[in-house]
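What follows is a short report on a single structure.
Which chain is which? They are A, B, C, D, E and F, in the order written, and residues in each are numbered from 1.
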Amino acid sequence: MELKVTDLSVARGGVPVLEGVSFTLRAGEALVLRGPNGVGKTTLLRSVAGLQPPLSGQVGLDRESMAYAGHADGIKATLSVRENLDFWADVFATDRVGKALAAFELDGLADRHAGNLSAGQKRRLGLARMVVTGRPVWVLDEPTVSLDVDAVAMFAWAVRAHLRDGGMALIATHIDLGLDEARVLNLGPFRARAPEPDDFDGAFL
Amino acid sequence: MELKVTDLSVARGGVPVLEGVSFTLRAGEALVLRGPNGVGKTTLLRSVAGLQPPLSGQVGLDRESMAYAGHADGIKATLSVRENLDFWADVFATDRVGKALAAFELDGLADRHAGNLSAGQKRRLGLARMVVTGRPVWVLDEPTVSLDVDAVAMFAWAVRAHLRDGGMALIATHIDLGLDEARVLNLGPFRARAPEPDDFDGAFL
Amino acid sequence: MMPDLGKYADAVLSSYGVSIVLLLVLVVASVRRARRVRAELDEVEQRVRRNG
Amino acid sequence: MASFWQYANPKKFVETTDRLLPWLSGLALLSMGVGLIWGFFFTPDDFRQGSTVKIIYLHVPAALMAINIWLMMLVASLVWIVRRHHVSALAARAAAPVGAVMTVIALATGAIWGQPMWGTWWAWDPRLTSFLILFLFYLGYMALWAAIEDDDTAADLTSVLCLVGSVFALLSRYAVNFWNQGLHQGASVMRAGALAGDTQERVSNVYAVPLFVCIAGFVLLFIALVFLRTQTEIRARRMRALLARERLQ
Amino acid sequence: MIALLVRDMRLGTRAGGGFGLGLAFFLIVVVLVPFGVGPETGRLSGIAPGILWLGALLACLLSLDRVFALDWEDGSLDLLATSPLPMEAAVSVKALAHWLTTGLPLVLVAPALGVLLSLPVQGYVPLVASLALGTPALSVIGTFGAALTVGLKRGGLLLSLLVLPLYMPTLIFGAEAARRGAEGMEITTPLLMLAGITCGTIALLPFASAAVLRVNLR
Amino acid sequence: MIALLVRDMRLGTRAGGGFGLGLAFFLIVVVLVPFGVGPETGRLSGIAPGILWLGALLACLLSLDRVFALDWEDGSLDLLATSPLPMEAAVSVKALAHWLTTGLPLVLVAPALGVLLSLPVQGYVPLVASLALGTPALSVIGTFGAALTVGLKRGGLLLSLLVLPLYMPTLIFGAEAARRGAEGMEITTPLLMLAGITCGTIALLPFASAAVLRVNLR
């Protein structure tokens, strides 16, 4: 299994932000996307995950094999940590809640209402959800925001375990993840150029 | 002017999380708070900023001299970047919008609706608000979340300028801010210890 | 023993019935919750004492 | 004896009420039983209302309690706001469901009574209407307690609501009176001459004595219930505190 | 699917979740009416079926923004969209959960409120029947409206505005059935129409809602 | 203070901000009533003042959760609390902004809707007068309710439950004034009472709201 992205162009708010992005991700590989603020990492990841249609280009795998985690975690404040994960385990028909809790050291917090977690603990819960999904491709947008050093190490460990099982990971980040084996793709060069001014066609651009 | 915090104990959700925190911050100094996820950094900062009453202990300055920026930025998606800052400039009765825009390189985005910014651009806008307030003590909770390397440098530069003007900064963070001159206070040792189990008094603990 | 309630028997009996049932529900609910919470607290308290 | 406020200590409160509760509940049971049995079996029918007068032994005590429990909650809320004694806030919380049930009883017995007397289950009489509004206040108060997780925050907010609500409940009483002049009896029980029996509206002694026994029974029942429920709230709160602290380690 | 239903019901019935509040709102609207129009029994009983239907509709409406907005805000909707659950199923389950927490309680409590508005005796069965048949349609249509407005911050009022015209046929037939019933007239025709509307919306609208939701997510 | 008012008005009138939606809701409720209760002119004109008041109240209620919830969610409220603006002022300004975007338009449009419900001619002045006097109280009381429920996710329905009983006196005097006016009776007493309530709430409630908000922020 491999994720092959060819010549992908993506737009946000009707304005093209990235053009001609291509990469291939094979089983057991991780790719780190880098680039300055506003270059279009979030937009690219949402397109890859199938949440928004790309302007042009192909994503080789369909959304059925991806698990996406964005800036927001989808955590229900009034459910306990375990209930939150149980729900996703049911939806994805897997039984990895115990594994996920262990991977992010959430056992001690399992019965706490998720609303009462600190910023970093919430983030850990959000990442634990990825383990629960059991999907081969993890699409992660700035996963280590608010995490302390230990938690970043947990995250790196979880990603490595996932890769070892033949998974893939596509991660956008600004900071060091401790995943030295991951390839890095800098998105700076793919910034969309302004189109010709008088190229006034059907798409108004 | 100095910020003298003596023997502060803070609680979250009725549970004490930190005990006996003391430090002094003099004009022109910055203090970085560190500690693992969930140790109570956010709680401490909110107490210092006067948003929640401490369990015991004193904060030497009143809230009138502090500007607080938490995990959420208070940005209005339907107002433009400039309108967002103008509002705070009016509330704090200052005229530093131009300076703030320049400090975080937001001039180019000034007329964009804030809802259409990327995560990092939003964060820059949130930090620009601190410049606008003109308050001497900046209380910042994980300010560099989602910022790229250049933006972190802008932030460090803005903090230095603030310190040079006689300001102070109290910053909780997990990552490196590039502020080498700042003192660091590790909150780990101040974790609240459990009181005796059968001390069943007015506060139920 | 039962007094003659005349044509209003329905009204009188049903109001007594409704009220007594409501009061009983309230009392029983209160007592049961009291028992449960007391037991739970004892258990927690013992555990804390053992660990603490 | 030091001061009354020592009972504001949760531990002291629990100990004291633990000793008092058996006596209180026994007394409540006794007086309610005596009052209701006396009223139901051993009082004559009214010449106008027939046997429906017997409803008075439930209706009037419940109605009085419904109002007075709200007043007690108001006092407890004030004590919490001014002196911040946790027991006081928890007592207000414990009393609210009792008050709501009393309101429901007053409404239900009134409705059942209304059918033979006024020919309708419900009429928009001011007294009845203000009871309905009171019920809404109870509902809102309890819903607010239930919705907020942090105990002290909930105590603060509900006591402010109780305060503001009391003012508005009073206002609505006047508004309702202005809006519709009603069918309902005046408050003759509480009137000075009631027992002396020299006014036209008096409740004759045959009815009054068991009625007072019933009222006493309801009051005692309320006190017993509030003690029990406040204990429960205190324990629940302590348990939450202990569990939270346990998680801290 | 069952997981989603269970979660939604659980969220709805947890503290602050809003179960029973639709009910309370219904109660309050009905209680308010006599204050607005005056307490005369004759006037009240004439408008009782209509007011009860209106109250049910408004209570439904008010709770619609809970259907998707919370899941949207915290990102769950993005995650659900990438999950194996087909969007149509998710939408239907959401509508069902909404009906179970809002519509059903309203149906059950409506007779009691009929008393407050002095609804004539023969009006109770038609009222309950029309509400039981009509409220599922209200939930399904409302879910469609909620899907349309999901991306908008505080779409609450816009949502009402969009959904109310869609509610019109249901309201007309429902209130008509209840009113005719109260006046002792024949009610099969409006009830049949109502049943038709409900079946039609349940069968077809979820596809529209799912499509709209997908557009809103990108 | 003026900055806050300007910002709130601007946010309210921006796309998705909700200005005019309260109005639309009012319109729709009033339009729905004839479908609910049947179209006979006599019956309608009898209940017209009450329905207009009820509609205004519900439209007000529905927009209340906008008062603080958005500012709470994005953290602005924390920032406002640490700003030089006293909380009492902030709360009053919020209430004023709410009235300007909701209450005032309702007052202005009510006569037009009176026509739809065949309100008698002599009823227009009392209706507008009672709405103009009463809606500020609705906004201030509503702001208190919004402050109480600000921390709760989707407190919308709970908010209604808490606020509606508080609205009762205002509604009774307001609707009574409008109704008596429509029947050509004396209306000074209810109008005076209404004015009293409005002044009282404006003078006192902001303190309670500010206190409650401070509690909710910690």
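One rule holds in what follows: a contact is a pair of C-beta atoms (placed from the backbone, for glycine too) under 8 Å apart; a residue touches a chain by one contact, two chains touch by 3 or more.
Here's who's who by UniProt: A, B = Heme ABC exporter ATP-binding protein CcmA; C = Heme exporter protein D; D = Heme exporter protein C; E, F = Heme exporter protein B.
Keep in mind the model is a prediction, meaning the values are calculated, not measured.
Undergrad: Which chains lie in contact with each of chain B and chain C (Heme exporter protein D)?
TA: Both chain B and chain C (Heme exporter protein D) are touched by D, going by the contact rule given at the top.
Undergrad: Which two chains does the highest number of contacting C-beta pairs join?
TA: Answer by contact count: the chains E-F.
Undergrad: Please identify the chain with the largest separation between its CA centroid and the CA centroid of chain D (Heme exporter protein C).
TA: Of all chains, A has its centre farthest from that of chain D (Heme exporter protein C).
Undergrad: Averaging each chain's C-alpha atoms to get its centre, pick out the one most distant from chain E (Heme exporter protein B).
TA: Taking each chain's C-alpha mean as its centre, the farthest from chain E (Heme exporter protein B) is B.
Undergrad: Nearest whole angstrom, what separates the Cα centre of chain A from the Cα centre of chain C (Heme exporter protein D)?
TA: Centre-to-centre distance between chain A and chain C (Heme exporter protein D): 53 Å.
Undergrad: So how far apart, in whole Å, are chain B and chain F (Heme exporter protein B) when each is placed at the average of its C-alpha atoms?
TA: Centres of chain B and chain F (Heme exporter protein B) (C-alpha means) sit 37 Å apart.
Undergrad: I'd like to verify one number: the distance from the centre of chain E (Heme exporter protein B) to the centre of chain F (Heme exporter protein B), where each centre is the average of its C-alpha atoms, in whole angstrom.
TA: Between these chains, centre-to-centre, one finds 24 Å.
Undergrad: Hey, how far is the Cα centre of chain A from the one of chain F (Heme exporter protein B), in Å?
TA: Each chain's C-alpha centroid was found; their separation is 45 Å.
Undergrad: For chain F (Heme exporter protein B), which residues are shared contacts with two or more other chains?
TA: If we look for residues of chain F (Heme exporter protein B) contacting two or more partner chains, we find 16, 73, 152-153, 155, 158, 161, 164-165, 168, 172, 218.
Undergrad: Chain A: which residues touch two or more other chains?
TA: 71, 78, 116, in rising order.
Undergrad: Note the residues in chain D (Heme exporter protein C) that touch 2 or more other chains, in rising order.
TA: Residues 133, 136, 139, 143, 147-149, 179, 238, 242, 245-246 of chain D (Heme exporter protein C) touch two or more partner chains.
Undergrad: State the interface residues of chain D (Heme exporter protein C) toward chain C (Heme exporter protein D) in the complex, per the touch definition above.
TA: Checking each residue of chain D (Heme exporter protein C) against chain C (Heme exporter protein D) gives 36, 40-41, 45, 50-52, 54-55, 58-59, 62, 97-98, 101, 104-105, 108-109, 112-113, 115-116, 221, 225, 228-229, 231-232, 235-236, 238-239, 242-243, 245-246.
Undergrad: Can you tell me which positions in chain D (Heme exporter protein C) touch chain B when the two form their complex?
TA: Where chain D (Heme exporter protein C) meets chain B, its residues are 8-11, 85-86, 149-152, 234, 237-238, 240-242, 244-246, 248-249.
Undergrad: In their shared complex, at which residues does chain E (Heme exporter protein B) touch chain D (Heme exporter protein C)?
TA: 15-16, 20-21, 24, 27-28, 31, 34-35, 38-39, 41, 44, 115-116, 118
Undergrad: How about chain F (Heme exporter protein B): which of its residues touch chain B in the complex?
TA: Contacts found on chain F (Heme exporter protein B): 2-4, 6-7, 10-11, 14-17, 71, 73-85, 217-218.
Undergrad: Which chain B residues qualify as touching chain A in the complex?
TA: Checking each residue of chain B against chain A gives 13, 35-38, 40, 42, 71, 116-121, 124, 142, 145-151, 174-175.
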